[in-house]
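The structure is given below, and queries will be raised subsequently.
Lettered A, B, C and D in written order, each chain numbered from 1.
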Amino acid sequence: MTDLKFNSDEMMTIAASRVLENDDVCFVGIGAPSAACNVARLTHSPDITLIYESGTIGTEPNVLPLSIGDGELCDTALTTVSVPEMFRYWLQGGRVTVGFLSAAQLDKFGNINTTVVGDYDHPKVRLPGGGGAPEIASSCQEIFITMKQSKRSFVDKIDFYTSFGHGEGGDHRQRLGITTKGPTLLITDLAIWKPNHESKEFTVVSLHPNVTREQVQNSVGWQVSFADNLETTPEPTTNELNVLRELNERTRIAHTNK
Amino acid sequence: MTIFTNLSKAVSENLNDNDTVAFEGFTHLIPHAAAHEAIRQQFKNLTLIRMTPDVVYDQMIGMGMAKKLVFSYAGNPGVGLLRRMRDAVENNWPHSIEIEEHSHAAMANAYEAGASGLPCAVFRGYLGAGLPAVNPKIKSITCPFTGEKLAAVPAHKPDVSFIHAQKADKKGNVLLEGIIGVQKEAVLAAKRAVVTVEEVVDSLDTHSNACILPHWTISAIAIVPGGAHPSYAHGYYDRDNSAYLEWDKIAADRDLFTSWMKENVLDAKPEDFAARITHLRNI
Amino acid sequence: MTIFTNLSKAVSENLNDNDTVAFEGFTHLIPHAAAHEAIRQQFKNLTLIRMTPDVVYDQMIGMGMAKKLVFSYAGNPGVGLLRRMRDAVENNWPHSIEIEEHSHAAMANAYEAGASGLPCAVFRGYLGAGLPAVNPKIKSITCPFTGEKLAAVPAHKPDVSFIHAQKADKKGNVLLEGIIGVQKEAVLAAKRAVVTVEEVVDSLDTHSNACILPHWTISAIAIVPGGAHPSYAHGYYDRDNSAYLEWDKIAADRDLFTSWMKENVLDAKPEDFAARITHLRNI
Amino acid sequence: MTDLKFNSDEMMTIAASRVLENDDVCFVGIGAPSAACNVARLTHSPDITLIYESGTIGTEPNVLPLSIGDGELCDTALTTVSVPEMFRYWLQGGRVTVGFLSAAQLDKFGNINTTVVGDYDHPKVRLPGGGGAPEIASSCQEIFITMKQSKRSFVDKIDFYTSFGHGEGGDHRQRLGITTKGPTLLITDLAIWKPNHESKEFTVVSLHPNVTREQVQNSVGWQVSFADNLETTPEPTTNELNVLRELNERTRIAHTNK
């Protein structure tokens, strides 16, 4: 609890940071996941292992990287390996407990699209593509997703399966021979979602402070399910907010000085 | 040693129209100077391979040099989309390009297989993903012991790979350190390899297990201080983040792009890179 | 950190009868102290994996601990044959052992595949060689792009791997340097991993691309100075070549072997290793 | 030419050293090949790249290693890579021009046995096994073999095909899909042999000084072919002998001091 005001971006990052644990080995996507992972490291999980796909293992950046391969990540890492080794030994080898992803489009089963809007061969918008995500989604022990809600990105049907979440739900992952858990948490600017045990549809389990069910529904392109025992996400603490803001400020200064 | 030459010759003697070429670098050590030299020499019909095509491939695509792009993540790192590439894919400007799209795991394994002299890479990948349906180069192979179906992609075997590295010794042995990406694999997978370096030193004087490419794996070395700019060279200079942000604006407009390329690439020289990193030096 | 323990516990808590186990080291950094502790604890029915089984595996086979040996070169390096292993294979003393024989390339690839979480390794190997006819674990796989027939062997997935390394930091991150062999792969391929180190330091303080195993890849670390003897630890002490020559004589005779093992292994302690390398120190 | 006397071991090592070139990348077996490769480096080919399977690339040992992984090899190497990388990138990758091997048993087609004497399942002598040799034999651009002649080791039929040379001769390699040249030279204590262009049978092309055809035939378990234009191997030069002897003396001192 805090007397400081906070915005929904801050709430999202802090809520996402809380779901990580000290002994997690986390494969970090750039952007919102990176902020959340580093806030976790700077608050309750000082020994968390952060891995970026550029090959940096156990990195402890003082400022958030702008790219996945900033020098800061290497300077503060335990070790830096080649990219083939990163994908073979560390990701495919099953060493990563949590893959932390974001998305351009997400559906209710945690399937992710960062490839195209529209048809693949004649796209309306050609997005960057999957990068590491297709194998992050299948090789990490579980997947957390963090992104802001909007009708444009929370869609009933994604245009392309960049990364497989729970597919069409149920035991679809197992039927494809995927042995990892897939998306187990979704942290947005409005709420925390978990997949329904049976259907695997993402269900709102906790609303952030002062957020209504309507706000959640109005920013999502499908009929939202809410948990029976819907909780309220604890507000950011003063410490969480200070850590996040100082991190952002250090980052701003570092990246504009040059 | 004859391996040392100037960038103009290094490029003209090792790159040809219609080649399959990789300019590799994973955010760090991107061979911008070599790519700009290739742009100045106006090669055509290139198949461009890279895990993370970013500004330089946006530039080469925008200049109409690319027939095909083989890649896994086409973005301006930390900024957004590649606007020249989008214009080619969405609007066929300046002409259409073919796309062969993979995941990072597939691309990294394909380089590794190329360096290993294998015809294909085998890995656990693409499970449930959409790319195998749109990329016929993604096939599968069955483990003869467990019956598990694994992904297979062809090995990357570029005609020529270009990389930038921190330094070479006088024999032409090259040291890369920091985020080393797939550059060693890209060099060993290629028929020919060109390296630009920040400097030449008497001795590499490094750790016994450092990432070193022996001189006999390299076709030509050109000394180009600052040659990675706006990417960075760990231990020499920092990433020019503002240049990446600026590129987003330049690439948004065809005319602005064309005039920027004329001023900063076509009418520029390899020696211009040194001045671009003066304010970014960190030693 | 709980990862640090004494060698006796490290071995008893991580090795079991009937386990598949690798004590790895490619001439350098061979985990002799850990192997001797395993001998003292009298494990039975082990499947021993190693590229280059040498003196320690000769000792374990001679002590009747091995059910099976998976290997690619079974010699006393620079000296000759392994006489205890020969006695087991040729004369079933102290009992017969199974043999699963590979080439170095196959073994290295099998560890690499194990570390990579794959069920099998794929490489170009065994062309025209005799081993595929006598080892049913050597199969083939066909490249779906070129039709080339490649060799396939099952990935190594030891229950536990033992290695020796130069040092750990206080969190238990481990540094290996010099001839690093297949130890990183052996650790990452195994369910459990035990490391003996020369010393623990505040900071590993090494090159950014050095061979480091993060603490969360390791089950237990025991500090055993000299723990590689008569193998060596680069930067700490040299190889005891005379001990390897001496072994050839000891292993030639069953009684001499038995009495030597009692005196130097069964009745000895991990702490004895430190004195064995005093005259070999090179720092 | 020299006034120094030399023995047949020295002649073998020096003759073997002469066949290497300054720009060769040589995968070095321990023992006789190692001595020959280092004499080449210390005489006519100072820039030759020597690779040992322990991962040392471009090594320049001051004394001969006792094992394939002596610290001296790493201390003087350009770089040292992991063993999987050695076998994948450097050997299988086709980067090695010459593989230099020895053998326990050799036949006239350059096939090598270092696995067993007798039956594989019930061996008379269990030898160490192939180590790197099976893939050295197929991946290096060509193979040189050096070993002393004896009826025990130069046999009509080897007991086990550890490494494939020319198989049953002729185009047997090509028929198996092997694209490299295989054994192209055999240097013994008595002679230099090359495979016949057609049959691929090893043929004596040069006798070492003072060696007779009878000596060669009497130490070989098959009917030996001699080239029409049989040459005499030039005697070791004073420099070659001095370099070899100094190397052996440094090696002796280094390995017995400890």
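In this text, contacts are C-beta pairs under 8 Å (C-beta built on N, C-alpha and C of every residue); 3 or more make two chains touch, one makes a residue touch a chain.
What you see is a predicted model, and the numbers here were worked out from it, not measured in a lab.
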Contacts common to subunit B and subunit D (chain labels): C
Relative to subunit A, chain with the most remote C-alpha centre: D
Selected interface, C-D versus A-C, where C-beta contact pairs are more numerous: C-D
Separation of subunit A from subunit C, taking each centre as the mean of its C-alpha atoms, in whole Å: 40
Distance between chain centroids, defined by C-alpha means - subunit A, subunit D (Å): 57
Distance between chain centroids, defined by C-alpha means - subunit C, subunit D (Å): 28
Multi-partner residues of subunit C (each touching 2 or more other chains): 112, 116-118, 123-124, 148, 178, 180, 184-185, 208-211, 234
Interface hub residues of subunit D, defined as touching at least two other chains: 74, 80, 88, 92, 139
Chain contact graph, described as a line, ring, star, complete graph or other shape: other
Which pairs of chains touch, using the document's own definition: A-B, A-C, B-C, B-D, C-D
Residue numbers on subunit C that touch subunit A, as the complex places them: 112, 115-118, 171, 173, 184-185, 188, 208-212, 214, 216-217
Residues of subunit D touching subunit C in the complex: 30, 53-56, 65-71, 73-74, 80, 82-84, 86-88, 91-92, 115, 120-121, 123-135, 137-139, 160-164, 167, 172-173, 176-178, 255-256, 258
Subunit B residues within the subunit A interface of the complex: 26-28, 51-52, 71-75, 77-78, 81-82, 85-86, 89-90, 101, 103-105, 108-109, 111-112, 123-131, 134, 148-149, 178-182, 184-185, 211, 232, 234, 238-242, 244, 279-280
Subunit B partner contacts - residues on subunit D that touch it in the complex: 23, 25, 47, 49, 57-58, 74-75, 77-81, 88-89, 92-95, 139
Subunit B-facing residues of subunit C, complex: 116-120, 122-124, 137, 139-146, 148, 150, 152, 154, 177-178, 180, 206-211, 234
